[in-house]
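In what follows, a single structure is set out as structure tokens and then discussed.
Chain naming follows the written order as A, B, C, D and E, and within any one chain the residues start at number 1.
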Amino acid sequence: MTMTPTVKAILANYESDNPGVKANLARILMQGRLGGTGKLVILPVDQGFEHGPARSFSVNAPAYDPHYHFQMAVDAGLSAYAAPLGMIEAGASSFAGQIPTILKVNSSNSWATGANQALTGGVDDALRLGCSAIGFTIYPGSDDCFDMMEEIKEMRAEAASVGIATVIWSYPRGGALPKSGELALDVGAYAAHMAALLGAHIIKVKLPSDHVEQKDAQKAYEGTDWSKQSDRVAHVVKACLGGRRIVVFSGGAAKGEDAVFQDARDIRDGGGNGSIIGRNTFQRSREDALAMLDRLVRIYKGEE
Amino acid sequence: MTMTPTVKAILANYESDNPGVKANLARILMQGRLGGTGKLVILPVDQGFEHGPARSFSVNAPAYDPHYHFQMAVDAGLSAYAAPLGMIEAGASSFAGQIPTILKVNSSNSWATGANQALTGGVDDALRLGCSAIGFTIYPGSDDCFDMMEEIKEMRAEAASVGIATVIWSYPRGGALPKSGELALDVGAYAAHMAALLGAHIIKVKLPSDHVEQKDAQKAYEGTDWSKQSDRVAHVVKACLGGRRIVVFSGGAAKGEDAVFQDARDIRDGGGNGSIIGRNTFQRSREDALAMLDRLVRIYKGEE
Amino acid sequence: MTMTPTVKAILANYESDNPGVKANLARILMQGRLGGTGKLVILPVDQGFEHGPARSFSVNAPAYDPHYHFQMAVDAGLSAYAAPLGMIEAGASSFAGQIPTILKVNSSNSWATGANQALTGGVDDALRLGCSAIGFTIYPGSDDCFDMMEEIKEMRAEAASVGIATVIWSYPRGGALPKSGELALDVGAYAAHMAALLGAHIIKVKLPSDHVEQKDAQKAYEGTDWSKQSDRVAHVVKACLGGRRIVVFSGGAAKGEDAVFQDARDIRDGGGNGSIIGRNTFQRSREDALAMLDRLVRIYKGEE
Amino acid sequence: MTMTPTVKAILANYESDNPGVKANLARILMQGRLGGTGKLVILPVDQGFEHGPARSFSVNAPAYDPHYHFQMAVDAGLSAYAAPLGMIEAGASSFAGQIPTILKVNSSNSWATGANQALTGGVDDALRLGCSAIGFTIYPGSDDCFDMMEEIKEMRAEAASVGIATVIWSYPRGGALPKSGELALDVGAYAAHMAALLGAHIIKVKLPSDHVEQKDAQKAYEGTDWSKQSDRVAHVVKACLGGRRIVVFSGGAAKGEDAVFQDARDIRDGGGNGSIIGRNTFQRSREDALAMLDRLVRIYKGEE
Amino acid sequence: MTMTPTVKAILANYESDNPGVKANLARILMQGRLGGTGKLVILPVDQGFEHGPARSFSVNAPAYDPHYHFQMAVDAGLSAYAAPLGMIEAGASSFAGQIPTILKVNSSNSWATGANQALTGGVDDALRLGCSAIGFTIYPGSDDCFDMMEEIKEMRAEAASVGIATVIWSYPRGGALPKSGELALDVGAYAAHMAALLGAHIIKVKLPSDHVEQKDAQKAYEGTDWSKQSDRVAHVVKACLGGRRIVVFSGGAAKGEDAVFQDARDIRDGGGNGSIIGRNTFQRSREDALAMLDRLVRIYKGEE
């Protein structure tokens, strides 16, 4: 694995991290068809926990099998595969060394009444399963947010001490934040910033709208045109320690292919590092999914 | 103990587990009259804790004695015996090596006002008592569900580290889930799926009805006929990592023998691994119970 | 200390316990005038914590002195002395080796608003003070009962690991349980059963009335005549793992001598192991108390 | 330091304590002008935490300096100096070996809404600062009292294990206890008793009034004349394990000298061990305080 | 680094601290243009966490880059740079040895509904990042204040044990304290005093107004003219263990340069040790900020 100058430059920004963490970031950045470009596409499959198995997999029954997703990530030449404990355990040995894995260590479900998640995996699990990173969700705004932050503070420190990187899913939700503000530009940038301050190596946020939610933040956004999605991506990138951290954007609910591709182009043009794309992958047939991922990869390579 | 190809195939699905855990799963799968078939019948006696001693044992007074149940499991050629600390301790030495035991490590009781359980045993207990597995109940849907999940996450990791397997009783209850939805098909499949994601080696759920409870899940079930119980069993099996995990079904309250036998046939035909059957066993006379268990075993062997 | 067959038979029921715990149970069972009979009378003095010093000791002022109670237990030939930390510490050295002690490790007081207790002693204390056992109260039914169970689960395991036995005071109280049901037969048997399942080596409950409190339990008690106290004792004994655990009954508030003696005869005739008798001891003059205890001992020896 | 028979007799009551704890109790009992008499006067300066610096020290500005209090305790020939972490740290090196110190390890403040305190120091701090004891406040009656008891249970054990003594401030407050009952005789004796049961080596309570607060305790106090303060002191002493524990009384808010002296005579005549006197010391000029403390010492020596 | 007599005198007040902590305090006191004077100016950049990135940095976009602030602190000859984990990590290696750093280990954000903060960094982080101190905020008055105090008690002890100093931000807020009283003189002095009692090596408070908030404290302030800010600073200094602790004052929201300079003169004249000045620094252009900091330094040097 010869490191490209682009990846070297990205890793140089992680100046306080140990070689173990850098090696795992390198593994992700050098993996698959986007390896070496500084861009990445990650396949996450935690929807079974979040929404239940039938809502997630019945539309494409082979997806009930954990091996299906490993194989998809490998065959599509993606950068990494992220999933909860049971999903990783069921394939980690068969696919060992074929694709970097991210162990999602906390999870919610359809019945949760509060905005929080349960810890469902640990750093020890990530180590024994050969994972490159742990993934953790925080809900900025929620009443339990301080607790979630303290959990990831502990886990990140433990993970880094054994050379495992940390990915933070930062999803504003709950507390005094109205549903209508969850996708606001100021809210998204703030959520990304806090993930960066908490020491995330990779930050995962949703693509923000041009709405500004917080009254106190209005002034900071006035006088700038935020209608272009790529500009909003660039703003979020800046909020991630001035672009010194890898940031990927999620695609949300399954949607049309054209919207998926346009999002990718905007992420790319705004300086974001890539997409994390789950339901839009596995809720299509394997054939359709591979075709869509192929085109996504080509967009990030600047080929279309 | 020569492993059968069937059991080897089942164990192969536990590809990330260590030899200690696999050995204990093998002990259960190779035990008794169903040994080697991939099917199993487990005797659980935790009703004294859940409902009190008189409601559980007065109908068949010899059952007050912990030795009675060990002997029953041995004599009927069952796969394993599951009970809380006091029950196991009172017979573990006398019956050492005769039947694999599962230490039920959390328990509720008739006076509980919330949907939770108390930790009443530990991995250290399981080790010193020679148990093959720990058993833990989660209540998906309950307000305390995240806490329960975090407890079993810790205990499962500790148990696995010393080669002990984990059985999760996944019983939807509490929170926003109405009583009427606890046995729904979507709810049961989701509960089984979460147990699998939490890393359960054996999953224990109730036989689901054909009701679909969650509005968001309706679409995933529409257009399929769920009236056959064996199809519902097959759906739950699929939700357990595409059939890569052992799943057993509980019989519920004491009922007629014919219903017990029909349930077993449906579990078998739907690809489930077996029954876990308590009150239907010890609330009959020893003679009747042995006769019933004999026929149950024959059903799982495909002999009737 | 030559073990009698009776005590050997009792100890044989503790088949999963280590020699250290058995040795401490043996010390209690072989102590004093009832030594070797399988019966025991324990002196508990924790009423200073529960009700305050003046209410407990002003009627018999010498009882303010901790040495008074040690001496009483020794002189009356009792089986063991149970008290909170301060009381034990104040005499443990002077009376070392003269009487087995039980360190009461949790305590409540008159001002408690909820049904719970504070941990006020530990296994380390029991070890350094030469105690044979720890004593712990649970309140089945209370909102905090799961917490109490988890506390004693931990402490019992720790105590057993260093050869110290565990006595559980199981007093139904709080939550959905009405005051009128605390002494009910079903409630008492259930409370004793849960203490046994939690791994108590000695179970302490109150003598139950013939009232049945729980609607779901009515059926199990119908058709039997529960008017004789010795039958109710026998039922509680059965609930303690079919008689495999030592169970002692408390005397409650100070009362007439005749009632005390009748209770002892019923406990003896029902197969219970003995009495734990505090206020009825130290709220009499030393002379009266010694006379009363002498007769109690003779009753348990079957001499009257 | 040749031990006097009086001090030897006091130490003999601590029969379960290790030599390290006894040595520290001896240091306090042999210190200063009351050394060897079995009486003691302690200077506590935690009012800055409880009431704020200006309310505590502005009336006598030199008292803002932590060294002022160390010097006062030394110059007045007192038995010990008690204060929170910052106060001790600021003088512990300058005055090392000149006066035994008691590290107050929990503290409240004027803004506290509930009856509890924060842990603000630890046994490790006491060790590195050369303290002879830790001081801890419990609020019997408060809703958080069980928590406070569990905290001091842990800290006392840790302290004793390294030879450090424990002083418990037992101040009834909160919960179902009305303000008017905080100084009642039954309440004070009960509070002292619980501190003793928790294993306090030195017990600090307030001088009780002749009011009896608890209905259930009325009977125990009826028929005795409690109008003499020295009798009430004697009752509290008896509640401290029959006089086997050192008990000191606090002076409360700054008041006239005559009242201070009368209190001391009553404590002495009732068999109490001494005074703990803060605001009445440092809210006078140094000259006045020294004169007052001189007379207090002479009272305890029986010289007036 | 030859220590000046002034710094030696300050360090002598930390008489109970180990050489490691003293060395780190010395590093801060000997750093930059104020090195050796006993005065200091600290640059804190935690506003991204507290208020969000856009509100903090959009007015001066280069400030999005963590390196910008390190460089500013170095170029302006300041004493130390304080920031949360992500900000320190992003520059700690590039600027290693150029400026002492203070890791802010707890943080709040705009969505917090209660007056508390999340732990977002630890002593291990401070060690591996080469920080001289940790920074921790307490909110005296808040309902969670006891918890915050217990957190810093633990962290301070851990930090000191490895030679790292502790800075406490003491900001009265929440609970029974009205917004209007947060800046009151009595409140500010009390907050500073509690930080000192908790063992802070450096205390950070806001400049107080001449309002006295607490009724009980009125008497202590009556009869003195508190209209001069330098007198109020002197009062706060006295509350910090009679001037034995370093105390710095924060500048609050961005304001006019003249106000900033006058504040510094008052801090200097009242005996305070310096300023901690964030938004007033980085929300100006680099050129303006450097000019302002230059003048601030000259004021503390007594040059204007």
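Just so it is clear, a contact is a pair of C-beta atoms (placed from the backbone, for glycine too) under 8 Å apart; a residue touches a chain by one contact, two chains touch by 3 or more.
If you want to know which protein each chain is, UniProt gives these names: A, B, C, D, E = fructose-bisphosphate aldolase.
Source: prediction; values computed, not measured.
In summary, the chains found to touch both chain B and chain D are C.
In this structure chain A contacts its sequence twin chain B using mostly different residue numbers, the overlap staying below half.
Centre-to-centre spacing of chain B and chain C amounts to 36 Å, using the average Cα coordinate of each chain. If you average the Cα atoms of chain B and of chain E, the two centres end up 58 Å apart.
Not a single residue position of chain E touches two or more of the other chains.
Contact topology of the protein chains: cyclic, one closed ring where each chain has exactly two touching partners. Interface of chain A with chain E (complex): residues 13, 15-17, 140-141, 143, 145-147, 149-150, 153, 157, 175-177, 186, 189-190, 193-194, 196-200, 214, 216-217, 219-221, 235, 238-239, 241-242, 244-245. Of all residues in chain B, those touching chain C in their complex are 48-49, 51-55, 58-59, 61, 64-68, 84-94, 107, 109-113, 116-122, 124-125, 128-129.
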